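Here subunit A shows up in two complexes: once beside subunit B, once beside subunit C.
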Partner chain A sequence: MRRTLHYDAVVVGAGVAGLTAAARLAESGARVCVLAKGVGSTHLAPGTVDVLGYEPDGSEPPRRVDSPARALPAFVAERTDHPYALLGVDSIRPALEWFAERIEHGPQQGYRYLGEMERNHLLPTAVGAARPSALVPETMAAGDLRGTGPICVVGLHPLRDLWASLCAANIVRLGVEARAVEVGLDVDRPDENALGLARRFEDPGFRRTFADRLAPQLRDDERVALPAVLGVRDPHGVWSELETWLGRPVFEIPTVPPSVPGMRVSDALRAALRAAGGRLVVGAEVGGAERDGERVTALQAHTAGRDTTYAARWVVLATGGFNSGALALGSDWVVRETVLGLPVRGAPAPGARRFVPEYFGEQPMSRVGVAVDPNQRAEGLENVIVAGAALPGAEPWREGSGEGIAITSGHRAAELVRAEEGLGAAV
Partner chain B sequence: MAGLSTDVLVIGGGATGAGVAWDAALRGLHVVLADRADLGEGTSGRFHGLLHSGGRYVVKDPLAAEECIAENRILRRIAADCIEDTGGLFVTTPSDDPAYAERFAEGCRATGVDCEEVEPAEVLREEPRLHPGISRAFRVPDANIDAWKTAWALARGAHERSGARVLPYHAAEAIHRRGDQVVGARLRDVRTGDELEVEARVTVNATGAWAGRIAGLAGIEGVRVLPGRGIMIAMNHRLVNTVVNRCQMPTDGDILVPIRTVCVMGTTDVHTDDPDDQTVAEDEVQAMLEDGERLVPGFRRARALRVWTGVRPLFQDTKEGVASTRDVTRAHTLLDHAERDGVGGFVTITGGKLTTFRLMAEETVDAVCRHLGEERPCTTATEPLPGSEDGEHYMLGERLARREDGLLDDQLVCECELVTRRKLEEAMRRRGTSNLDDFRRVLRLGMGPCQGGFCMYRAAGIMHGLDGMSAEQANAALLGFLVERWKGVWPILYGDQLRQARLDDWIFQGVLDVGHLRE
Partner chain C sequence: MTEVLHELLRGSLDHCVKCTICETACPFSNATPLFPGPKYAGPQAERYRVEDEPSVEWSVDYCSGCGICTQVCPQGVKIAELNAQARHKRKQESGVPLRDRLIARPTVLGRLGTPVAPLANATLRSRPFRAAVERAFGVHRDAPVPRFAGRTFRSFARRHSSPPASRRVVYFHGCGTEYYEPDVGEKTVAVLEHNGFQVEIPKQGCCGLPLQSNGLFDDARKYVLRLARALAPQARDGALIVGNATSCTLMLKREAREILGLADDPELKLVSERTYDVCELLLELHDRGELKTHMQPVNEVVAYHAPCQQQGHWIGKPALELLDLVPGLEVRELDARCCGIAGTYGLKREKYDIAMATGADLFRQIGASQAGSVACDSETCRWQIEHATNKPSAHPIELLHRAYGLPPAGADSKRSTLRGVMTRNVERVRNRART
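Up next is the complex of A and B:
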């Protein structure tokens, strides 16, 4: 027999948007359950909080934004269909503050995010391009390309997802002095990904050996750039110890996935959810809904061994876009929302261009999302609120806006439910 | 300006041109082989990968069928390493005219194409994804052949045997005549702009669909090639492990070829005026997906990786008063311009199909020898290509076996196609090129389901670490690959492959922000 569990709110999706909405709701006293097919896009993203990095204005490449706070009012005025226009620029700041607090009081002791909406950091990527981000982990902040001191990019031999020499050479092209060194690690295999190395760096002996090998290669005034592998559970401890041992600023550069800094975000938000009494079920694929008029009353989820019905007063849909499979484009060129079959918005008309031949151009299919009202409610449904990349109107990787939208919309989704339910203020 | 002097200059580095170079080298001639792009980048590499048994032609064009089966048997010996012996099937699906099967069986008997009728139930046990409504099935010796590997083996062999100079990315700018004699050509390195004069006793125009243009450079009119373009779609799995043909008259969307880690659905045929026409028409894509469903129900739900257009050369001689030198049913055409136009030292070979490249090369070099007034017999029917000496066919598991040998000391760069760092570095040193697409063709780097999402940054990083490679070159290589890849991706992007593409976008445009390397 199918079992039924009852919640105030069921959140679908365990990315930044879903976990933010869920943790925030749980903190308000709501009984919350997160249903997730797998881990969220945190594990793929660099772990920075990008609010607005670029303003796609027709110029190629798009123009960089130095201050999201200053750029956003005009940005949303010109793009009334953009999620930020829907969410309201004023709702971004409190959401980011909430997020930063959850990390700071999270399970990774001492680990925190630095920065503000007034000014983007400008951090080198693994290929050595300059990438603007509003909030960044403390372990990355010293990499700001406007900071002082030449950069020594350290390549770790078994890692294929950060190439120090190319990274350093491109940093030089940005007008910052940089060079690359390689450090051999005692790793018994030719390939090791970022997560594997992060686990090894949590071993004090391992990182001591590493530091001893690196130290003689460094020049006096250099900052040290490392692939983002400085631990998952205790990044602050690993990073600050290396800074102390090496006697200089050390910073991480995000690698090609899997993303260690992204996993830290995921861990911290899950911890916040758990601490507030919320529940998370990973491996639960939502396969249908029960409706009563314009309300969804329950979701059916396939979980290991049995199917379960999750009855809820509210549903927060934070399932992502095409990348997660929440939206799907068929070979008949029709876009479908795959979880609840909701109407979508922003899809190119039949016969119109879906994509443009220019890889770096603006792709018409990119802005598709679930059709919502100004309160993020899915069209035609009173109690389904949409958050994150499922919202229409953004092109997050071209704008550098992914986490800003995810955190703000997740946070606001919780606020909307809270207001409707008359729940108390968050802790 | 730099200069070279040679017996034979071959313009066009497809299978035919490389085959001419190999044939001529085996006959002891000095050869220069030039292509405006990479070897096999034109028509040769833009096909479905089929080594014909001849079965496709037994009813419509029996002579072509006979040529195919003869060449099929030869290539299995001499180019064994470039061929995977998948075998082939002709199946009558519910969409096909059941009467054709008898004509097919009779045609096979008449043309000598090995053919054995098998029970549909047996076929469905072997290939369970095929349409369950198949009423008849015939086994034929179809196989797949890697055109890039073949072209490079031919070129390498020509170099090893007689020091042939192989010049990819060298476009013919001018063909020089001294009176009624073609005496060579001016080539331009399209990467550097450097020019190169080549003095040649005979110049071979092996440019297929582009043959009219090149003949025009020699002042020869009326060589008209009507390019016919066709699209091919690569699916991310081998939905079948045997080449599967629909048992009907040759038509659009009638074949599915498993090759390496993918299978390729082909093809369409649309006349075009421009051999560089790379159009992928929306209705052709849809029609091909429908044809895929007829062979493999559920085809549309599989992942389509990439679509491309190949341009086949269909020759039509428009010179007044000159009859075609070949029977019109013959698939290829050799033009000896001394006979046709009174211009010596110049030969054009066009038309044909990949399966018959060796025969085309043999006939061409025979003509070359006539021009030179020398008697040199052809030996390509018995001489194995470099890498094929042991006569062993390529096996799908080879890369995995090699990978497991190097598991403890070699890094994996491309997980989809199992390309190791050692293999990549060796190819980069050997080729001395900074075009990542060149390595895609020879190593299959970035050809798998992720379409370079994870390996291309690595490849650019590795390339930059090699001697003398600047960041600008590595960036250009990476950006160039992404831009080029997208051309074959976007027209057929849907389903799970769109998910994959979105992940790739996140990596390149999000995590790495490569777009801003353009600044």
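Up next is the complex of A and C:
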């Protein structure tokens, strides 16, 4: 017997781009399977939807964007090889709306994203820097540095991933009144990460004890900043209850990985995929394809004991970039696409500058991606559509554009397949 | 060869970027501070492990070997496999307690208990006896132990002859089916035959997984190679091997080759490449339009839990899709990770509480799901779920068997009853609740 499974579309990658494309496609009636060798950047990145936070223009630090809607037309006009230029600025809004709806109707009761493309939030990071972001979880929104009220940053012992005094001191340097307090939690181990605490905060007794310890330390007009640990399954419940108990705005600050808000996104998109009948296979690494002329007819996935062939009419390649292993830079300075061996674009020309010494500086190498046509199709292939960080031309960290690109390109990838296949409108 | 393999596993640790994704997924480190997590015990500690020097840390004993860390790692680090080898080395230094040597041998226990099943079952449910066993051997008094069926699956297999068909499969039933749940084996055979397979059931033994997870690698190698020899002849003739015990099929597919360093054994390789989880096989059949989908309605709500080892096949959740085909059946997918039992882990006195804490999220979800029963592909997980939730738990194949309206299992066995799977399981749970 041939070990082949057949799908309308196989999506490679379970980050935001892949899950968005897959869920959207499944919702329009396609038979979809996601193959991922591991989970995506969701569990690492802050869980906000950054559409455009900065316009890197050579100045240091780069110019901050207050309104992505207003900045984007000029931004793409100057950067014709940027993913947003390819995707079209108009395709961003419907994609974000789709995303926000999936969260709102997702498994986390009542949990919502707030914001719009007209105006970025300006949220403190774990080290108290200001970070612009378009769409943010409701549990973070009250942290806007332009909002009213001094900030009380609460350090939680024994979480080592947010130092309240450092965070508060840097917020003060931004001109916002802030101070730090520490609250000890009843945790039976020397060290606990954000996820461990998030699970504990889901226990009403645990958060009650916490609130009782914090309340006496607070001053009247303060808003409360906490590391992002307010529950994975029921963040809305945990957060709103704390706001009620403490009688003031409470907000989360994303920590270093693991990212609890990012895991909520992953859970919600997976639930949307499952609800629409899509399939998710985690652990299966794709390592080759069968081709027929300009079409990929099937993918080879490494599964336990042997390979499994996944035949598909369409492939959405949402494998990320260097950090997920989808791209690799060899000692010969050649960048390779590791999954299907596709041509890449955007690599610095021989002799040109590849890297700069500043880690968060303008890294020419970070713009490499899979070479695509205006319809996101991989060069030379009719039915392979590329989405997310695998696209060339962006510097997501510097621009604050990673999730915006991932959601928009994943959503558009699904639209392209839908149009070609004549599939119904998504529900 | 073992060295080469170990170097390959070890080489993978250079890919670790310390992203902590494995730590978010580890069911055990979240439940006990005694296991600080797969990243710490794996790629981090591995750098300090030197071939002929003593083990550098002991927490790997509290890793259950469920393998979820390897599955979710986006960088391809073989975390669970490295930890299994570290556990083995540690066990070699410290010695393996008698308890672990015993509970790692289901065939020995099965042969002892089967002829005296009523007595053995009653004894295993007697509080004073269990308290004494806990004191003397360290098997926790509340830990779930299965009931001996009093007959072996083999006794059915010997009498059974599968009608000739164009497609042949070899059925690998595992020890749980052999001694405790022969009904599940009969139903698996019936469902396969119903779908046009001729089912061969060669004489076979244990896959060695419990030995491996208890650090007894030498014995595990012997067991798994013996099994491979038993299954290889038919595989060589082109038959596929199919099993319902998902952790045992995973042992054949991948774990024995990667963890025990048997990657190059030709017979194991052949068997490994041809082994299927039963739901995986049926879903492929369905994909080709060849699965029988004429089914009777089963108007129930069932929760589905994919065991860790099932996830280690890297095939998604085929059972979920098969159950979706059953008319009337409402399937609730549970996304909590692990029931905590991990084969023999949760039986141990010092680990029982950790296992129950690990499973707490799952048990809570089961309670909240309003499902009448739980479908799950692994027998030890089913026993743990029944123990912790008082809800009956069945292999997905049992539900398919029912939906197909096939004759009840055990019909040709004098000791069995004609009751359906759920009634039988409800009974079992009630009994347990009483004792």
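Just so we're on the same page, the second predicted complex is superposed on the first by the 420 of 427 C-alpha atoms of A that agree within 3 Å, B and C clash if a C-alpha of one lies under 4 Å from a C-alpha of the other, contacts with A are read in each partner's own complex, and residues count from 1 in each chain.
Everything below uses one rule, namely that a contact is a pair of C-beta atoms (placed from the backbone, for glycine too) under 8 Å apart; a residue touches a chain by one contact, two chains touch by 3 or more.
Only a predicted model underlies this, so the values are computations on that prediction, with no experimental measurement involved.
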| item | value |
| --- | --- |
| Overlay on subunit A: subunit C relative to subunit B, clash or fit | fit |
| Superposition-derived angle with apex at the Cα centre of subunit A and sides reaching subunit B and subunit C, degrees in steps of 10 | 90 |
| Which superposed partner A:G283 touches (first subunit B, second subunit C, both, neither) | second |
| Touching partner for A:P257 - first (subunit B), second (subunit C), both, neither | both |
| Touching partner for A:F355 - first (subunit B), second (subunit C), both, neither | first |
| Subunit B versus subunit C as contact partner of A:E97, first or second or both or neither | neither |
| First (subunit B), second (subunit C), both or neither touched by A:G40 | second |
| Touched partner set for A:A130, first subunit B, second subunit C, both or neither | first |
| Partner chain in contact with A:G325 - subunit B first, subunit C second, else both or neither | both |
| Subunit B versus subunit C as contact partner of A:D373, first or second or both or neither | neither |
| Partner chain in contact with A:E60 - subunit B first, subunit C second, else both or neither | first |
| Between subunit B and subunit C, more extensive residue contact with subunit A | B |
| After superposition on chain A, the shortest CA separation from subunit B to subunit C (Å) | 5 |
| Subunit B and subunit C footprints on subunit A, overlapping residues | 44, 189-190, 257, 323-325 |
| Touch list for subunit B against partner subunit A, complex | 289, 300, 304, 407-413, 421, 454, 457-458, 460-462, 464-465, 470-472, 474-475, 478, 482-483, 485-487, 490-491, 493-496, 498-499, 502-503, 505-507, 509-519 |
| Subunit C partner contacts - residues on subunit A that touch it in the complex | 1, 3-6, 33, 37-40, 43-44, 188-190, 193, 195-196, 199, 257-258, 263, 267, 270, 274, 279-285, 301-306, 308, 323-325 |
| Complex contacts: residues of subunit C adjacent to subunit A | 15, 17, 19-21, 23-25, 30, 33, 70-76, 167, 240, 250, 252-254, 272-273, 275, 283-284, 287, 311-316, 321, 333, 335, 361 |
| Subunit B contact footprint on subunit A (complex, rising order) | 41, 44-46, 60-62, 64, 125-131, 158, 160-161, 163, 165-166, 169-170, 172-173, 189-191, 254-257, 259, 321-325, 328-331, 333, 354-360, 365, 396-398, 402 |
